[in-house]
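Shared chain: chain A. Partners: chain B in the first complex, chain C in the second.
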Partner chain A sequence: MRKSNRLGLTKSEAHAGLIFVAPAVILFIFIRLVPTIYALFLSFTQFNMVKDPVWVGLGNYIKMTGDKEFFISLQNTLVYTIFNVIISAAVALGVAVLLNRKIRFVGFFRAIYYMPQIASWIALSMIWTYLLNPPYGLVNYILSLFNISKAPWLSSPSMALPTLIMIAVWRNVGYDVVIYLAALQGIQPSLYEAAEIDGASKLQQFLNITWKLLIPTTVYIFIMTGIFSLQAFDQVFQLTAGGPADATITVVLQIYRQAFQFGQMGYACALAFVLFVVIFILSGMSLKITGRLGETE
Partner chain B sequence: MKKRNVIVNSVCYVILGLGSVIILLPFIIMVSTSLTPAAEVFAWPPKLIPSKIMFSNYPDAVAAIDFGRYFINSTIITVTATGISLFLNSSAGYALAKLRFPGKRLVFLFILGTIMIPVQVTMIPMFIMFRRFPLIGGNNLFGVGGTGLIDTYLALILPNMATTMGIYLLREFFRSVPTELIQAARVDGASEYRTFLQICLPLSGPGLIASGIFNFTNSWNDFLWPLIMTISPEMKTLQLGLSQYQGQYFTDWHLMMAATLLSCLPILILYFIFQKGFVEGISSSGIKG
Partner chain C sequence: MKKRLLALCIVLLTAGMVFAGGSKESSSSEDEKTVVTLTFLGNQVQQDFLDKWIPLFEENNPDIDVQYTVLDWGTGKTKILSSFAGGVGSDIVMVYGADIPQWIEYGALSPIDEYFDPEMFIEVPFEMGKWNGKLYAVPLQSKLTGYYYRADKYEEAGLDPDNPPSDWQQLAEYSQKLTKRDENGNLIQSGFWVTTSHSYKTLTQYAVFLWSAGGSLFSEDGTKCTFNSREAVTTAEYIRDLLNVYKVDDAGSIQNESTDFAQGKMVSGVCNNAPRGMEISNPEEVKFVRVVPVPPIDANHTGYCEIGGDYLGISATCKNRDAAARVLKYLVETPEIVIQSCIESFGPPALKSAVDGFRAQSFYADVWNDLSNGNVKVQPLHPRWGEIQAIMTKALDVIYLEPNADVQQVLDDATAQVDAIIAESVPALGE
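This part shows the complex of A and B:
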């Protein structure tokens, strides 16, 4: 009697479990799994939406190796990603360490630093276009107070990419601060007390305790912000549209142009798949670091 | 020693304050420019406080583009997607946290794994599939002749109806609900659905808020997806409208800043109300807006 009751309960539980996950799983199959497989297929074809896809094997991938614009976009994307990731993390670490001292208004400062993260890239790009406009912009005005001559910022091929990185860092710091601060607050104060007793200097304490314990957090931040930087599109589209003279074209901008301006769906899918492989590896690493894959019981 | 601490702390405040100014300045300029008379937009030196406060810039900005329509579109898409996602994410999160069912491990790995697929990979096939969707939007049985699902709200809502990070976040919250509570409800004869809806869901308020905010912000700020999935001006979202504004009225900065401010307002209001929800969602799961 008792056994059948227990079995009955488990059965209804299993039934409910499957029904509860079904909508999300079915949705993900249709909007993520099927399109990914379809994209892989299309990447081996030539397809312009008018005629049927024509199988070209590795043709698109071979074409890529001779595509000068693709290489420029790849180089820009990597430069943008590496500088954005490293500079943001370095600035954020400094801010987080200061915030972690027992000072007041921690929540207030954290809220301010995080603010650029919640606004859309389009809105932020509008503001920065205004701030950076060469003749009247506020940034050039502030520089002129220090006798620095007006800079062309986004309209100069040599300055456009560094300017995009600067804006990205401005936006990104808050995200890194929040994560660093959470990690810092998790460090046991007793570790510092013990080091204090052993006569370690503040610098030694920072290097041997804080920094050492923050290395996994740093790797995590690098991967997460790296994934998002590799996908840079909105801000580039709005601030420079890839120009001047291809100085700021990114991989995703190229994917968008190939697919929706030139109608090269197959080639665009091949480009997207290259990006996918890089992001897949980075995400896999982040899941491994956070231990989420091991959590499956 | 104590005196030294005071000095060090003051230096801290100064550095953090300067940093805050750098972060806030663009937002302050947005507000001040949105209230500036047209003649002062290109004043040199730039004026932080306009000589005359022009509230009329806001109605002017709204009238200059089809702002109302964009705002309604963005609201419909964001509210519907967020509402549906709260339901789909919480039911999936609950099952993965508290229920035993066959294939659970595989389902969890699948949901987590899909986060590795960037939208740039799925957007092209999705565009083709939507465009070729049969018998909708002027298409015939073979998906030819019209625009299919392109230019519909469904196409804009679909990718945000459930999110990996929302499911993950809510699963974490449900895991902290005591299993004894669920067992007790079962003993009392409550169905699995009632246990979920009436006992566990009310206990996961902060999780629902964090996941809802995350989804709302992402949907509202999304640009690439609506850029691809819309054709007609009536279906454009606020971000698309804003983006085009700059191309059309590139010197009317007072109006553009007014429109930009209005477009950020719903998110900013949410941020000031649920600041903790935003930040805690991020630090506990690493999700990013």
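This part shows the complex of A and C:
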């Protein structure tokens, strides 16, 4: 057989391969690539979705530099992302370590922690809206039993964003726990046995074995949770709609408002591309760090 | 050969999958009927409404086939605008009154003056369908923002339901009497709903109070924002104090005024659809609902209601304007249809010939007299109203929720932002 390329495939094998990937590639081109390129084009126009787009060059990007709302939304998004990523991972790591032991009903607990992941953000947000209602919600009722005053969870500008982060952490923990559990179960028990023989305490074992071997997993969790958090929309839209006083407005919500409430689709596309670049850079940085850590290990 | 055939099949199949969704549904060719598409906003009530009335129209107009859809209020506007972007917009669309100039600016609506006689409609709601002198949309029913209260809760609090508050001071005192808290200060019953963080109701409530203090959101010619006037500051401080000094409500306590009004969690407020939930869950209690204009700041001023509403217009992409106009006229000029729509939506009619029939069936009868006497205003109209509303709502949230905020400064900042929008676009109309 004559091998035709660097993959060592024959011509007919290469053709067959191309044919098999064609459906996915064609779908990708029409559903992802073309709209993305069109959105990039729109970001250089003024477009309200009905009239023809009008070319404004870098106008939308220049406008962004003086747009206070955009910077507020960017700041909120970053705060939301950083706290959500770190707290979720920390809580999940603790839970995963506990669930990795031989305890009773471990399957039940794993299911319980994962459950919020299954439900949609919209459904969860509606439930949380009622749970957190200042005078009538269950959360404040329980707090009042302990003589703790009722909190304006979502209606105070200073509390709304931390509350959103708390809800996001509650939902993310299940996903992170599953990933950590898989990683924990891949650690050789012999490492702990050897450490124990050497006289290492439980804390030393955790820091020098568990944590070190979980760093690549943690970076993966940081990247995934980070990307999802940077795109936060459903929960914010449903729970606070960006209020009160823009205290919880996120970049994606700002994109939505500009596009569909204010009729500035061109500007919204420009915002979307800036967000894309931010996510791209952060993901690239994270991948680089993972690679370095992998080499170190 | 076989492989090539297989490849061809896969490519054709894929292309079919990609393009199948894009093919536009061809217009009906059955019996040469003209197809008119109609998009309503609402819920099952509106679906049932159309299910009842459209077949009757088609029966009497066999040359027209009306294809209708009902989209929910929350996302309907987005979907309609997206459909225009995709070139598949409906011939007739429902639009909320305040959005009309924005939709005209988008190029989504076309003028319909030739089809309607203004004399058939009450002036204020009819005028709201106009922009720059041309009529673009006609009202199906109005939405009335006034002072709603429950007569039974008034009596419980030792107040006379036939004598609602006559000025702001009395409103604050009444609201305090209507408010119930437990021994720890936890809210049990909100005496007056202070609307915070709502995309449009926060500003609507504020605007009605502002008018009742002699102020306005814009100068008479619409070229200057007057959101930082003396009256505007007084109004913002008053509503802030209702929340923080008189403590008639807790911010965010009311999630759905129609349900909470029906359940008695909220017993009064300046809003527009408080009784709706009551009609569904406790219809026997609708008799307790009263609505009057918002009390004026003092005896030297006039109290107002705000009127908005659900409008219908013909889209700019409509190919069969005359057929669409026939459907539109049928919906907004048939008294029975308008009365049913108004009763189901708890809003008074704009069609004059529907007023008497509506009066006979609705508790709005009394307030309708006030409206006819000129105690009603519309919110300003502007193609960028969405942005203006967001700026003003944010400022009001800051004032209401951060009691130490400098009211004048917050309103000055918001006014500067709104003035910038007006400077780069057009003056506001209305009020």
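Note that in this section the second predicted complex is superposed on the first by the 261 of 297 C-alpha atoms of A that agree within 3 Å, B and C clash if a C-alpha of one lies under 4 Å from a C-alpha of the other, contacts with A are read in each partner's own complex, and residues count from 1 in each chain.
In this section, a residue touches a chain if its C-beta (ideal position, glycine included) is under 8 Å from a C-beta of that chain, and two chains touch if they have at least 3 such contacts.
Everything quoted here is computed from the prediction, not taken from an experiment.
Asker: Quick one: chain B and chain C on chain A, clash or fit?
Answerer: In the arrangement built by aligning on chain A, the partners chain C and chain B clash.
Asker: Just to be sure I read the superposition right, which of the two partners does A:N48 touch: chain B = first, chain C = second, or both, or neither?
Answerer: second
Asker: So, does A:G186 touch the first partner chain B, the second partner chain C, both, or neither?
Answerer: neither
Asker: Using the superposition on chain A described above, determine whether A:P23 touches chain B (first), chain C (second), both, or neither.
Answerer: both
Asker: Should A:Y136 be classified as contacting the first partner (chain B), the second (chain C), both, or neither?
Answerer: After superposing on A, A:Y136 lies in contact with both chain B and chain C.
Asker: Which of the two partners, first being chain B and second being chain C, lies in contact with A:G263: first, second, both, or neither?
Answerer: In the superposed model, A:G263 contacts chain C only, not chain B.
Asker: Return first, second, both or neither, reflecting whether A:S12 touches chain B, chain C, both chains, or no partner chain.
Answerer: Both partners, chain B and chain C.
Asker: After superposition on the shared chain, which partner residues are touched by A:G66: those of chain B (first), chain C (second), both, or neither?
Answerer: neither
Asker: Pick one for A:G57: touches chain B only (first), chain C only (second), both, or neither.
Answerer: A:G57 contacts neither chain B nor chain C.
Asker: Using the superposition on chain A as set up above, list the residues of chain A that contact both chain B and chain C.
Answerer: Dual-contact residues (chain A): 12, 15-16, 20, 23, 27, 31, 49, 129-130, 135-136, 260, 265.
Asker: Going by the contact rule at the top, pick out the chain B residues touching chain A in the complex.
Answerer: So the residues of chain B in touch with chain A come to 8-9, 12-13, 15-16, 19-20, 22-27, 29-30, 33, 41-46, 88-89, 91-92, 94-96, 99-105, 107-112, 114-122, 124-129, 131, 158-159, 161-162, 167-168, 186, 191-193, 196, 217, 220-221, 223-224, 228, 239, 242-243, 245-246, 253, 256-257, 260, 263-264, 267-268, 271, 275, 278-279, 282-284, 286, 288-289.
Asker: Please give the residue numbers of chain A that touch chain C in the complex, ascending.
Answerer: Chain A reaches chain C through residues 12, 15-16, 19-20, 22-23, 26-27, 30-31, 48-51, 129-130, 133-136, 140, 144, 149-150, 152, 154-157, 240-241, 243-246, 257, 260-263, 265.
Asker: Across the complex, what residues on chain A touch chain B?
Answerer: Listed in rising order, the residues are 9-10, 12-18, 20-21, 23-25, 27-28, 31-36, 38-39, 42, 49, 95, 98-99, 101, 103, 107, 109-124, 126-131, 135-138, 141, 170, 173-175, 178-179, 181-182, 220, 224-225, 227-228, 231, 233-234, 237-238, 252, 255-256, 259-260, 265, 268-269, 272-273, 275-276, 279-280, 283-284, 286-287, 290, 292-293, 296-297.
Asker: Mind pulling up the chain C residues that touch chain A in the complex?
Answerer: 3, 6-7, 10-11, 13-15, 17-18, 77-78, 81-82, 84-85, 102, 105-108, 184, 186-188, 190, 196-197, 199, 250-253, 255, 265, 316, 384, 386-387, 390, 393-394, 397-398, 401-402
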